[in-house]
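Next come two complexes built around chain A: one with chain B, the other with chain C.
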Partner chain A sequence: MAASPATVPERPRPRLPATARRVASGMAVPVGSVVLAFVIGALIVLATGGDPLAAYQGLLCGGLGAFCTQGENPALQVSSTIVFTIPLIMAGMAVALPFRAGLFNIGAEGQFLAGAIACTTIGIHLGTLPAPILLPLVLLGGMAAGALWAGIAGVLKATVGAHEVVTTIMLNYVAQWLLRYLIIGGPLQLASGTSKSSPIGAGARLATLLPNDNNLVIFGLPSSVYRVHSGLLIALLAAAVFAFLLWRTTLGYEIRAVGQSQKAARYAGVSVRRTIIVTMLIAGAFSGLAGAIQIAGIDHNLTDKYFSDTTGFDAIAVALLGLGSAVGIVLASILFGALHSGSGVMQADAGISSSLVLVLQALILFSIAANFLGAIRLRLPGLGRAPAARPPDSPAAALMTEAAAPPPEGSPSAT
Partner chain B sequence: MSATAPANAVEMRGITKAFPGVVANNKVDFTVRAGEIHALVGENGAGKTTLMNVLYGLVHMDEGEILIDGKPVHIGGPRDAIGKGIGMVHQHFMLIPVFTVGENVMLGREPVTGPGFYNRVRAREEIAELTRKYGLALDPDARMADLPVGLQQRAEIVKVLYRGANILILDEPTGVLTPQESKELFGVLRDLVKTGKTIIFISHKLREVLEISDRITVMRRGNVVGHLVTKDTNEQEIATQMVGRAVLLRVDKKPAKPGPVTFKVEDLTASSDRGVPALKGVSFELRQGEILGIAGVEGNGQSELVEVLAGTRRATGGRVLLGDKNVTTFDARTERDAGIAFIPEDRRGAGLVLSYSVADNLILGRQRTPAFAWRELVLRLVAIRDWARRLVKEFDIRTPSIETAARNLSGGNQQKIIVAREMASRPRVLLAAQPTRGVDIGAIEFIHRRIVAERDEGTAILLVSAELDEVRSLSDRIAVIYEGKIVSIEPGDAPEERLGLLMTGGGSARG
Partner chain C sequence: MSVVSEILHLLVTASLWNQVLAAAVLLLLPALGGVISERSGVVNIAMEGMMLTGAFFAVVADLGLHNPWLATLVAMAAGGLMALIHAVVSIRFRADQIVSGIAINIFAAGLTVFLVNRIYGIQDVGHASYSELLPSLNIPVLEQIPFIGHVFFQQNVIVYVALVLLVLVHVVLFRTRLGLRIRAVGEHPQAADTAGINVYAIRYGAVITSGLLSGLAGAFLAIGVSNTFVPNMTDGRGYIALAAMIFGKWTPFGAFVACLIFGLGEAIYANNSIIHVSPYLLSMLPYLLTLIVLAGVVGRSNPPAADGIPYVAGSE
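Let's turn to the complex of A and B:
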């Protein structure tokens, strides 16, 4: 093989295959952060007079349907977790993609709301259209609205240099107040005195995965109670699109190049401005789709519950915890979905306030952001591979460490 | 003052230091006599810096002992080293740009009055005394950011002296200096030695080493491979020891056979990042099959010139013609498509995406060409891999695999990625800016050979280099740039003195 390192002498034998080692070392920070958060969470419960084991048992039951003691239906809990997971996956992509381009999209929430608003508006006004037309329309409408919302920040960043953190945060407020106006006294309000919109037409609704049938009993309950809907498939498809876009397309290549070195990207003939705008448009479309799916799949109308929605903010933690990769984001979304879903059971069974979950989420985000584990590993070189021990002045050392990796996947020349 | 007999200022015995996967220093013996300038030479990664970091306490050795002035010492950190009179001037200065020279020198050791008020007057006096004693002209009240690099370095030296250093370690001190500044630095070093200081000079520039040092220690792959006395050796011998085989220091090239003019720059003007005119009407012609070298002291518009030609900086006036096509306003991508390739001077910042694999870097800038992308949209991974394997072999890029991140390769191999990528596209014009900066001898030899081979294939090459030697050994014609203008175009064999004079604004242009 052409790339075989004939010039690198006496390289040490790898103990694990390189990919496995890379995955393991990549997982260390997110897994460690989650573990750390749970440990601190347990101490908090303990300090406030609760029983951490009972609390976490409640979480496990409510999140994953395991270790239930009060007769909860595990399948129902899993369904609930998936329902919470679906929008997080797409909103997580909306944060992770700009990350790759070196942009921090704090505005997933605003884009999410824009998508929900657009979906609702279309779903009400064209409510009589048949599903094969209306459903794609509301979803595309949601994507377009989210893209527009993020695109504003992208264009401002690319043209006048307005920082995307500031503009996306501000646009969150705009979306939140727009929503409030629309359903309280505004054109979408159902009836005066209410704080919700009319429902979207039947054709705009996503089907549940299980038949909506009160007589069909699945896992001991009528199948109509399971809310898990076909948005799950869309979310997983979105994750696949995200991964493909990032790693297999010229656009993804250029997005990553812009994120790593704008100068190198410019020398490579990449228009940094254009890339920033396109990245934000795609990100917004992901988040807008999440909002549209939440309406089309679950709520079927805008309600005041969206005033306090945090999907777009949780998405930031999801993107960080998932290390910006499609698989990681799906896994992190499941974790956050399970926490969300489990908090109710924990409160009911163990008597621990469901707010503990918010504390846990914050702790996870905090320890990732602060890279606590990295800092700990720095202090104690005995733990882990201690990248800090690598001398900065010795490229040879770095080369040798990499040299431990066997050549990549098999030669394609056979075909 | 120093002892009269040449006692050893530093003696390092059997120093061994291993990093995961590599032995950076393998039982290294290193002795420096008091009052000498001792050069430590070797290629990148040979272990020079590690050895000096051990001496300065930045790295802890696994085995070995250190004697300072004949006494065994323990150096646990830089503080210990400073206490033993060892000072280090780093390659990248450790200065605070907005502070004055005095504040920078005093930092951490400020003279104070009463409950901790900075005593500006005494600080100034102390610096004045230091600079007088060692003949280092320096204004203590100048703001560091306003000083040229040469004076910033001088401030670093004064800082080290202020901390009481008797043994100065200088890590690649001339890397950032102009030829004039280097000369001044050498004067300073000779004066310092006269006052009894001992200097360890780390470098890979052999001519400088021969000029300034008394003795030389050569390292290769973690071992000391030679002790030389400067006056009894020559460039060829040092290079051979450094690389481990005979090296071709002179570029072997046949006379050029220039073809028709293929690239024309007419009265080009452009501004620098700060908005001041950097190019003030640059004109030259480039023929097929010739190398035109641009010689000049750094900061005279070379960077801007290359950027304009590469399409990453806008020209404010003038024209650039490729054949009959006006490419003045082309951006980097359209220029590449038109047949102009470029090796940017900032290898790590502009030439590579360091976190990308070797393979990904080998298509950087050509990611949308049909060979590597289906309809400009989807990357052809198999084609990219095959291409990468081919170039890695053809250009002898030493990498464990094509999936290795470029970050993990040596400077020379990083540069070979860029050279391979740019040359393999079969350009009509190649712009090469500082193509061998910070690259080891073996890679320099290789890159020079490829540039000449490319010329012989008929490519028009513009070579911009701060190394006058490089310009002189490669170029068929030399254009000297001074303050944003080409002051003269000289033949390739123009004498160094004449070029040096033109580069600093002296001399008269040829007819």
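Let's turn to the complex of A and C:
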């Protein structure tokens, strides 16, 4: 692995500030992975007789409001991207935080649904309460439900060593079937024959950021059509809390210590069991909050749309692509939000199935997980094994080894 | 009539157990694949995606070739190819095997719908005609046995194949040199390597086998139980198979028992019109049972020692 420094010619480089250089080298892997995924995705479209340029033009239009051909309103597309981004930020952190402790939370989806269910249940049954009381109540309820869902996996991991990947997968399905039961023939069902719940009370709803006014015209459309809601502020606040928790608190230190080496953490006086349980509880609260905000901000009731919800699975890609940092997660969420938003336009304008987005997402995951880029660079020494190739503290490498095997001794030496 | 007596009444009908066995086989095939893969030390949560890919290509091939047997081979090859991706990414590139498994599942879900759209233009794939489906096969004489005959000997041909494979996998894993090697590689690859076993070859073979078996299950689902492809038609069966594998403590027969229990849940679900409990609550049972098993209520369930840890030749 050690690139002999002597062979790399010393080139005069513009002196970048240290932080800028760190950011640039940190971005190399995720950005490269995304580019690689898009290239392979284009080849797949091409191989099946489609036009990749038209497909990506549709994605850009629906995602960022750029290069629209069918007269789509750019502002509306951006608004839609933001709406998709909001839950991804919080669910992404629900995956990223356990990563730091060496835990793999595949259960963000179940925790998301638990949060949505709790929010809806409280929002219906206490629907007459005023907003200052009810709104915190539904959001806290969602967080508590998500925490409970993840806490089950945390307790099982900490006490009997049950692998959290398996328990969280099982809990995902329990949540999905619970949701079906509740809104089809169960206590939350709106009316017989429907597969949706009653709507939550007015006091449980998050306000949209733009005034809900049909007469006020913004970017050529009445402001009431833009659905961006105040959940965006909550999501960004949650990202700040995540970063603060991880880097500025004792608990964050303990989480990272457990992730690096359980044995070392134990000798340092950290209770590994307690840290595992607390980490999962907080992660579940993040994801539960995402579910609650999705109900309170956008949907206002549970529908069969939630049967095929994938927020919690997208969150895994978000956390990996964002390299587990708050800023990275927000950026990755915007990317996946844009892909989700763009997929509809792509299907309508270019006739390419919106499922291409899933293919792209999988390719990004493969690329990051396998570090294909690193492998490609190693094959091409002429391309300069620049510092960015694999810095010793490459977050991607660190994240992957952390996630790979909780028992640190005999952990895979990746190089 | 109470729910309990309704279910009890249902439990004594032969047709229910006939359905249980068929449902169990649908889970057993990917579960056997999971057992083989994980016994060799490669975590495999990608059965869902491999099965879905198999289901899709089974229908495509059957509609094109009008031959269910060839279509089944195509489905197995498709499942095997998906498994090959998982193998290359997790063995060659030493990626996190869980991330790779998730990526396979997402890839399969996306690619199948994408290809439906490219090939057929619309969401409806079309239906294979009855004569082009994997046939049911009644075993002469034995099918006459009351109750037992209907349960065991009036089944789809894949059911018999799966039961033979069950015994075969058990024998190979625990009674042959190859099986010993697979298990050695999964428990202690360094020691196996020292003894002259090709760790990478065993792991590639095991993962690809899991893809072939999952693809076979996909074919059974799409052109045996059903006659068409619908998006996400595996509906979590690959994950239930994963649960069955753990439930059965990484043994073929243990997994089969788990598949029967989960199959029973599914068969009762299919008969929900005659019992009056929410089918959705029943559907939760396999997952809850697995959680209870994992909680250690029924004894510990431990994976192979080197499961999920990439092997680097020469490492300690």
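The criterion applied here is as follows: the second predicted complex is superposed on the first by the 366 of 415 C-alpha atoms of A that agree within 3 Å, B and C clash if a C-alpha of one lies under 4 Å from a C-alpha of the other, contacts with A are read in each partner's own complex, and residues count from 1 in each chain.
Definition applied: a contact is a pair of C-beta atoms (placed from the backbone, for glycine too) under 8 Å apart; a residue touches a chain by one contact, two chains touch by 3 or more.
None of these values were measured; they are calculated from a predicted model.
> Between chain B and chain C, whom does A:251 touch in the aligned arrangement: first, second, both, or neither?
After superposing on A, A:251 lies in contact with chain B but is clear of chain C.
> Answer with first, second, both or neither: which of chain B and chain C does A:56 touch in the superposed model?
So A:56 meets neither chain B nor chain C here.
> Which partner chains sit in contact with A:261 here, chain B, chain C, both or neither? Use first/second/both/neither.
first
> Given the touch rule stated above, what does A:286 touch, chain B (first), chain C (second), both, or neither?
neither
> Could you list which residues of chain A make contact with chain B in one structure and with chain C in the other?
On chain A, the residues that contact chain B in one structure and chain C in the other are 400, 403-405, 412-413.
> Contact residues on chain A for chain C in the complex?
Where chain A meets chain C, its residues are 44, 48-50, 104, 106, 152, 156, 160, 162-163, 165-167, 169-171, 173-174, 177-178, 180-181, 184-186, 308, 313, 316-317, 320, 352-353, 355-363, 365-366, 368-372, 375, 400, 403-405, 410-414.
> Give every residue of chain A touching chain B within the complex, in rising order.
1-5, 7-8, 11-12, 248-251, 253-254, 256-257, 260-261, 263-271, 385, 389-391, 393-405, 407-408, 412-413
> Inside the complex, what are the residues of chain C that reach chain A?
Listed in rising order, the residues of chain C that touch chain A are 45, 85, 89, 93-96, 98-100, 102-104, 106-107, 109-119, 232, 236, 239, 242-243, 246, 278, 280-281, 283-284, 286-288, 290-291, 294-296, 300, 303, 308-310, 312, 315-316.
> Please name which positions on chain B make contact with chain A in the complex.
These residues of chain B touch chain A: 19-22, 24, 44-45, 47, 49-50, 53, 59, 310-312, 331-336, 342, 344, 346, 349-356, 358, 360, 364-365, 367-368, 373, 376-379, 381-382, 385-386, 388-390, 392-393, 398-405, 407-411.
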